[in-house]
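Below is a structure I'd like to ask you about.
In this document, chain identifiers A, B, C and D correspond to the written order of the chains, with residue numbering beginning at 1 in each.
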Amino acid sequence: MNYAQAGCSALEAAMRSDASVVVLGEDVGRGGIFGQYHGLQQAFGEQRVIDTPISESTILGAAVGMALAGLRPVVEMRVVDFALCAIDELVNQAAKARYMFGGQGRVGMVARLPNGLWSGSAAQHSQSLEAWFAHIPGLVVVAPATPQDNHGLLRAALACGDPVVYLEHKELWGLQGEVEPAQLARLGEAEIARPGRDVTVVTWSRTRHTALQAAALAEKQGVSLEVIDLRTIWPWDRDAVLASAARTGRVLITHEAVQVAGFGAEIAATLAEETDARVRRLGAPRVPVGYSQPLEDESRITPQGIAAACVELRHARPAHR
Amino acid sequence: MNYAQAGCSALEAAMRSDASVVVLGEDVGRGGIFGQYHGLQQAFGEQRVIDTPISESTILGAAVGMALAGLRPVVEMRVVDFALCAIDELVNQAAKARYMFGGQGRVGMVARLPNGLWSGSAAQHSQSLEAWFAHIPGLVVVAPATPQDNHGLLRAALACGDPVVYLEHKELWGLQGEVEPAQLARLGEAEIARPGRDVTVVTWSRTRHTALQAAALAEKQGVSLEVIDLRTIWPWDRDAVLASAARTGRVLITHEAVQVAGFGAEIAATLAEETDARVRRLGAPRVPVGYSQPLEDESRITPQGIAAACVELRHARPAHR
Amino acid sequence: MNDERALALYRTMARIRAFEDAAEQASKGGVAAFGASLSQAEVRGPLHLSTGQEAVPAGVCAHLGITDLLTSTHRGHGHTIAKGAAPDRMMCELFGRASGYNGGKGGSMHIADFSVGMLGANGVVAAGIPIAVGAAHALRARGGSNVVACFFGDGAINRGPFLEGLNWAAVHALPILFVCEDNRWAATTASESNTAGAGALARAQAIGVPGAQVDGNDVFAVWDAAGNLLAEIRQGGGPRLLHAITYRVKGHVSVDAAAYRDAAQHEREIERDPLVLAAQRIAKPDQLEAIGREARGEVAAALAAAHAAPWPEPRAAYTDVQDTGAGRWRG
Amino acid sequence: MNDERALALYRTMARIRAFEDAAEQASKGGVAAFGASLSQAEVRGPLHLSTGQEAVPAGVCAHLGITDLLTSTHRGHGHTIAKGAAPDRMMCELFGRASGYNGGKGGSMHIADFSVGMLGANGVVAAGIPIAVGAAHALRARGGSNVVACFFGDGAINRGPFLEGLNWAAVHALPILFVCEDNRWAATTASESNTAGAGALARAQAIGVPGAQVDGNDVFAVWDAAGNLLAEIRQGGGPRLLHAITYRVKGHVSVDAAAYRDAAQHEREIERDPLVLAAQRIAKPDQLEAIGREARGEVAAALAAAHAAPWPEPRAAYTDVQDTGAGRWRG
């Protein structure tokens, strides 16, 4: 099953077991342009899989109203970049409604905002904005990297009752993998994708796979990487990261988002406050993503880049206690 | 001269010397609801001080078009929170246009997005979002704390030719201070608001004043604080902060924004990567700002809070080299 | 219209008026804007009064039951009272007390009473429109003939969500009454100077939402028009828009003296006070006087309750944020 | 219409058609969506073809000079060619080469040629509308009778900026021609299923923007209608809207087979090819054949140029970001 299908099957299961779950977004009636809603309108009808006009503000705002009035909406935004047309609704309304109204209502919803680089799509379709959402009280932020996680985390996101910013990756739709539907996922729980001894690599989403490739490269240079896939950006799994940092004493945080003020900064800052570990970050340069391959490549995180940073970090002056 | 008048006089001077400078926003014709445009429409007419409908997307989007076609717009958004209705225009258009079009056009503009807590105004009018803008390639981010800086930095922002997110503070409009119009300000240059020996406090905007009060409190407990006002969030003055950190070995970063994924994380991460200084952060808790005073107070940074954090940091285990 | 109905409409207006007058007093010095400076005030922050606009919520909400829903604006006290909320719990909220509807978390700009279907005031102009659209989907999914009443100002019709929300509601034939409270001002700006075309109703019609225009200071006319439109909506006719022309008697917020308005025109406008107009038609001075007294008494009690009410505990700042990751306030 | 004019309009359409056909070929395998998977392609990423819609930019832009401005959409090749850009530099841009108009930074979705007043294609639906409004302010500040032509699709009229931008343009009587290219589809969704009311022109009129509706596949009709509207605008009449009904011949992007459309209806629609319709009226087969040959030759040369053109240096990724703080790429 691929990553898109894994999400689709999670949604289908949720819709079968909970009549309040509805889907809304552009082109969802034809299965979504990546097939991530394949067959759902046929199965559940036009009232539960709602084709919408190109009206991002109203797609997200309507989801808030649906939730306040008892439905559990799943919102499709196509790419996180278009969700910028609905930021008031996400940040000022969805995230704050429960609080502002003193708990009289709440906004259980999942907003799917595919994140990350999208090959050949240039600056307006290639952003990674998880740090923005982590900064906003009220929001949960999830970024699945595998088909299994896209299934399990989507179900968990739907069940949690909070507004969840659900960041699938724009280039993982076709990724194949085993999916065990019964395997539950818990929000806020990282996975050690690969245990290792020398350097901890903290990452999420597509960069999980890049980091695993990097681990193989580093191994050849005698450096053993432990790769932690956060899976949930907020709340992030501090315990898992701090425990690994305590073992290795060295942590590289890497993500596809721009490095400056990226979520890696939060993790590095926390490590600096709480540990003596050596920390480094590897994110994208603070430039818009260019269209042409050589330009776009400057914004990509590569296995070579991660491996080199880890090897350097391995040999950096050790931390003192 | 107060902070609002200082901004107004900077704008007036710029409009006199450069006919391409225009202002657009709601209520600017009556001087703006904080008086920060007082008298400008009378002086320069309705074509240069443009009253707009409540159409945030178009206010910011029109500014992009104006800039691409040769004007230098100053955009009024009233509070940063309403700018969330214009985020596509700011982030996908203003910040990226020059790059996407390969330098054929550029977006010299200043978007004034008053930032920070606003007494008794609750969750939708009290946000501090500088970290968001620092994360976006193409944007310059400025946060003046004094009348002098609101004058000097606004002129520098208008002169720089980049899209500038200009974050006045919602509660500083009435702040009085000397303004020397001839004194130039440089973007990216911090100010040591108070020299000190033991702990460096890095901050900006209103919290500059809070930190100065904290310094007096800490002094009584025998701890000497050096207060650095960044003034420009992007590009921030790394050299000034690293130099001070080298002197004191201890740095507290404090800001009114939510601590999690706030810009303080970027500074703390940089210090962790580059120095052995002990670092701590003090930002707002990750909760929406409540209306009632006791709730709102939980989101405020106080002199006592800063002083206590600095005293604790002073006595924290020293860093080793 | 029968007497009982007329008196009930008058009573709703009188209760709103009394509330607004009291809130206005309590808010002096509450915000630093429009040249006013901050001092001690019982009601802090921007307070938007609906004084003089009472006929619109009174006439519309008289047709709504508790299972109908309502979304509001920054100027929401009238909607909240007309929908059935209790003035004492509202006043407690304005005073920031724990016993307020929102536990002190929202204040005037976010006043809400979900128990009567009032889904909240909103600090962002036009933001209630998409929320109303979604609520209408939920009502339809539930079945029955409930509706959403979605209030917004004349300034809001220049924001994108007005177009998006009306189009969407029409496409899905949702049960919504859009109510444009056209008080002809948006903060310090005369709306006519920034609004092209014939306004809310003309725009709505072009987007496939029929409706009616009405004198929004005539509570009987509002009641009639809203009744007709709501009947069509409840019969499955899809959305309708009521364009009610009224007048903002006070400044934009309570501390705004509104010196930017023409004094003579202002004097003419305020002569058309909706309570006075209704009183002339009802012509039962004693009963109206009694209603006014009662309303003022109710608000006096609300003020007393608010004064006496406890403040929220600081730790309440940390409740109702989110369940997932609750407790992780600083990292 | 004189022969020369008719042939010029035909030539513009033929040049656009030839460009789109070549770009389509070069983009196969360029994006993974609509069930297509990624492979090697010369043109990477989503490519939106205007095949079959050529009459709209041809007819409109024939009235524009180099000092008039234009804003475009994601489907912008036709606008760019009609405004006077050179196909070879466009093709270089689509190929991601350094000699492309944007130096390879933009690609198809951001194609721009400021030297002819083409202010850029845009990846966000309706985002060009506010930009056009601002550009029109700048033209007015400069004086003279220049205009902005603002193109957008039928799907864009359901986004907020459509309302906001038209209202603003009308309030300020700005020199803009809004052009709705109504190809009746928005990605996989038939626009009529998601658009209430009578569409772009009816909405515009209600917002105070007059205009005209036209058969967008009849280049002569487009030319006529646009000419009349532009004359009114240049005389200071304020904004106008041209609602051009056309048809999207290809899928939403080049890799989209558009299987969601009714085959029989599709066959009927594509019979109304704007080049064929124009050719029938011009009735000079030899000259038209020559024009077609020339156009294809021009594009063949553009392809050859693009193939031969150099790639941008990696360091070009760091230019034209911003001046303030340039060099601070990672902290």
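We adopt the following convention: contacts are C-beta pairs under 8 Å (C-beta built on N, C-alpha and C of every residue); 3 or more make two chains touch, one makes a residue touch a chain.
Bear in mind that the values here come from a model prediction, so they are computed numbers and not experimental data.
Peer 1: Moving only between chains that touch, what is the shortest number of steps from chain B to chain D?
Peer 2: Tracing touching chains, the least step count from chain B to chain D comes to 1.
Peer 1: Quick one: point me to the chain whose Cα centre is farthest from that of chain A.
Peer 2: C
Peer 1: Based only on mean CA positions, could you tell me how far chain A sits from chain D in angstrom?
Peer 2: 34
Peer 1: Centroid from C-alpha atoms only, then distance chain C to chain D, rounded to Å. What do you get?
Peer 2: Centres of chain C and chain D (C-alpha means) sit 44 Å apart.
Peer 1: Please report how many Å separate the Cα centroid of chain A from that of chain B, as a whole number.
Peer 2: About 29 Å separates the centre of chain A from that of chain B.
Peer 1: Roughly how far is chain A from chain C, going centre to centre by Cα mean, in whole Å?
Peer 2: 39
Peer 1: Out of chain A, which residues touch more than one other chain, so two or more?
Peer 2: 52-53, 55, 57, 81, 84-85, 88, 92, 99-100, 122-124, 137-138, 234, 260, 266, 273, 281, 285-288, 290
Peer 1: Find every residue in chain D that makes contact with two or more other chains and list them.
Peer 2: 100, 102, 104-106, 110, 122-124, 158-161, 164, 167-168, 171, 193-195, 321, 328, 331
Peer 1: How about chain A: which of its residues touch chain C in the complex?
Peer 2: These residues of chain A touch chain C: 20, 22, 47, 50, 52-53, 55, 57-58, 60-71, 73, 88-89, 92-93, 97-106, 137-140, 160-164, 187-188, 234-235, 238, 266, 270, 273.
Peer 1: Using the touch definition from the top, list the residues of chain C that touch chain B in their complex.
Peer 2: Counting only chain C, the residues touching chain B are 30-35, 37-38, 43-46, 96-97, 100, 102, 104-107, 109-110, 122-126, 155-156, 158-160, 186-189, 193-195, 252, 260, 311-314, 316-318, 321, 328-331.
Peer 1: Would you pull the chain A residues touching chain B in the complex into a rising list?
Peer 2: Residues in contact with chain B: 81, 84-85, 87-88, 91-92, 95-96, 99-100, 122-124, 129, 131-132, 134-138, 234, 257-258, 260-266, 268-269, 271-273, 279-281, 285-288, 290, 320-321.
Peer 1: In the complex formed with chain A, which residues of chain C make contact?
Peer 2: 69, 71, 100-106, 110, 112-115, 119-120, 122-124, 127, 129-142, 160-161, 164-165, 167-168, 171-172, 319-325, 328, 331
Peer 1: Within the complex, which stretch of chain D touches chain C?
Peer 2: 158-164, 166-168, 170-171, 193-198, 202-203, 205-209
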